[in-house]
Amino acid sequence: MEMRVRFNEVDPLGITWHGHYIRYFEDGRESFGNRYGLTYLDVYNNGLVTPIVSINCNYRKSLTYDERAIVETTFVDHPAAKLLFEYKIFTLKSNELVAEGSSVQVFLDNEHRQLQLSTPAFIENWKRQHLV
Amino acid sequence: MEMRVRFNEVDPLGITWHGHYIRYFEDGRESFGNRYGLTYLDVYNNGLVTPIVSINCNYRKSLTYDERAIVETTFVDHPAAKLLFEYKIFTLKSNELVAEGSSVQVFLDNEHRQLQLSTPAFIENWKRQHLV
Amino acid sequence: MEMRVRFNEVDPLGITWHGHYIRYFEDGRESFGNRYGLTYLDVYNNGLVTPIVSINCNYRKSLTYDERAIVETTFVDHPAAKLLFEYKIFTLKSNELVAEGSSVQVFLDNEHRQLQLSTPAFIENWKRQHLV
Amino acid sequence: MEMRVRFNEVDPLGITWHGHYIRYFEDGRESFGNRYGLTYLDVYNNGLVTPIVSINCNYRKSLTYDERAIVETTFVDHPAAKLLFEYKIFTLKSNELVAEGSSVQVFLDNEHRQLQLSTPAFIENWKRQHLV
């Protein structure tokens, strides 16, 4: 997914405020979901919500105003009842690594908000279709 | 309500980004609601939601990082089925006017999202209790 | 400019929080600037900054999660030393008006932050080139 | 530092969007800085800036609209030329752990943006005064 740093995302040091990267990761995850049938709504319509339980980000370089970048989002297969994504952000111009991080999501029943201890059938099906 | 400008609210010009004032107005409105029994939850529990239909802000001065300010929120009585608030933001130090604006909210039934054409009884009661 | 409502922009009522529209207006203005040579950096490199002094927004309909919309940004010519933009947001699907608003910016010298009382030469030139 | 969840921080699931916790951590760090003389401005006036190079957050429970919480910020002493903070967020009402995380900052010269390989004198002095 390609992105561009907005004026309102730049801090007084002239670089993107670090907290916005969590938003860029979510943009990458939503873009991945739109492409591969795993959006919030796809998941919700299958009786699930998938809250984030852990997130991290390591910053290598900074992004400046109006700079273009690529968010690369990777689904990491995992035996536990979890969704694991890894993210890398590269500058569009010189392909330098700006930041990398990951997120972990669990599965809750969307009505009772009950933690699912095994991977839901919908996700197992999705994996069979999309993972090689 | 007293507030303080956060690092992540300051733009590359070293001043608070103008869009954050809409958030400060909401902080003022919520603070007003907490004090006078008119929070989102009070309203919701009376079968209503009150979406914003209009907002404006005029900027007189800028706020810089870590600067303290006061958000003054005024309920403006109005015969129509609307909630009208006015906001003034002053610097804490020198009491200068930084920005002023207003918002208009309408009443919707919280289930059917139907517009209420007359002021709901809950609001009429609230007005009788709180307006002189 | 085409946009899409992000998960993190949707409030507990299931609709885009009203304050994010100020951000969408800025996205529209930046997109306009990129297309017609009037970005923050173009302006800055000509010795100017153009802070917002007034903004307003009227909300007609709501946008829901993942909904696509168009931000239409119009430069409004004005004899005073001001930049005036008008914004309309339409749903992509059915072309319904979601919100409309406007912003006013003034010109400051980018070093001394002094208000410019007449329209700067750079802007007069830009107008001659871009307005019919 | 005590905080309260704002309406505009709550997502369609009715809980605080996970990205806002990075902001709460920064609020905690700024509150710590104000109390112990280690704000962004204190640091800047000593010729330094301290960008974040790593951040992480683990989510245990969710916060709902208007819920009060405590952000507990701890300075962790470290031999390397880094600033390490740990954060814990507890519900005010029942003192349950909501989230915990940490951040790492490095020191740059505020003019040349050059990485400082040893802990700056200002920070060494600060540590002598504030750490037992």
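So that you can tell them apart, the chains are marked A, B, C and D in the order they are listed, and the count of residues begins at 1 in each.
Rule of thumb we're sticking to: contacts are C-beta pairs under 8 Å (C-beta built on N, C-alpha and C of every residue); 3 or more make two chains touch, one makes a residue touch a chain.
Note that the coordinates shown come from a computational prediction; the quantities given were computed from them, not determined experimentally.
The interface with the greater number of C-beta contacts, when B-C is set against A-C, is B-C.
When each chain is reduced to the average of its Cα atoms, C sits farthest from chain D.
Inter-chain spacing, taken between the CA centroids of chain A and chain C, is 29 Å.
Chain C and chain D have Cα centroids lying 33 Å from one another.
Centre-to-centre separation of chain B and chain C, using mean CA positions: 23 Å.
Multi-chain contact residues of chain B (touching two or more other chains) are listed as 7-8, 19, 23, 26, 65. If the chains shown are joined wherever they touch, the resulting network links each chain directly to all the rest. Of all residues in chain D, those touching chain A in their complex are 13, 15, 18-19, 22-23, 26, 49, 51-59, 62. Chain D makes touch with chain C in their complex at residues 7-8, 10-12, 14, 17, 19, 65.
By the touch criterion stated above, chain B contacts chain D in their complex at residues 6-8, 23, 26-27, 30, 39-41, 65-66.
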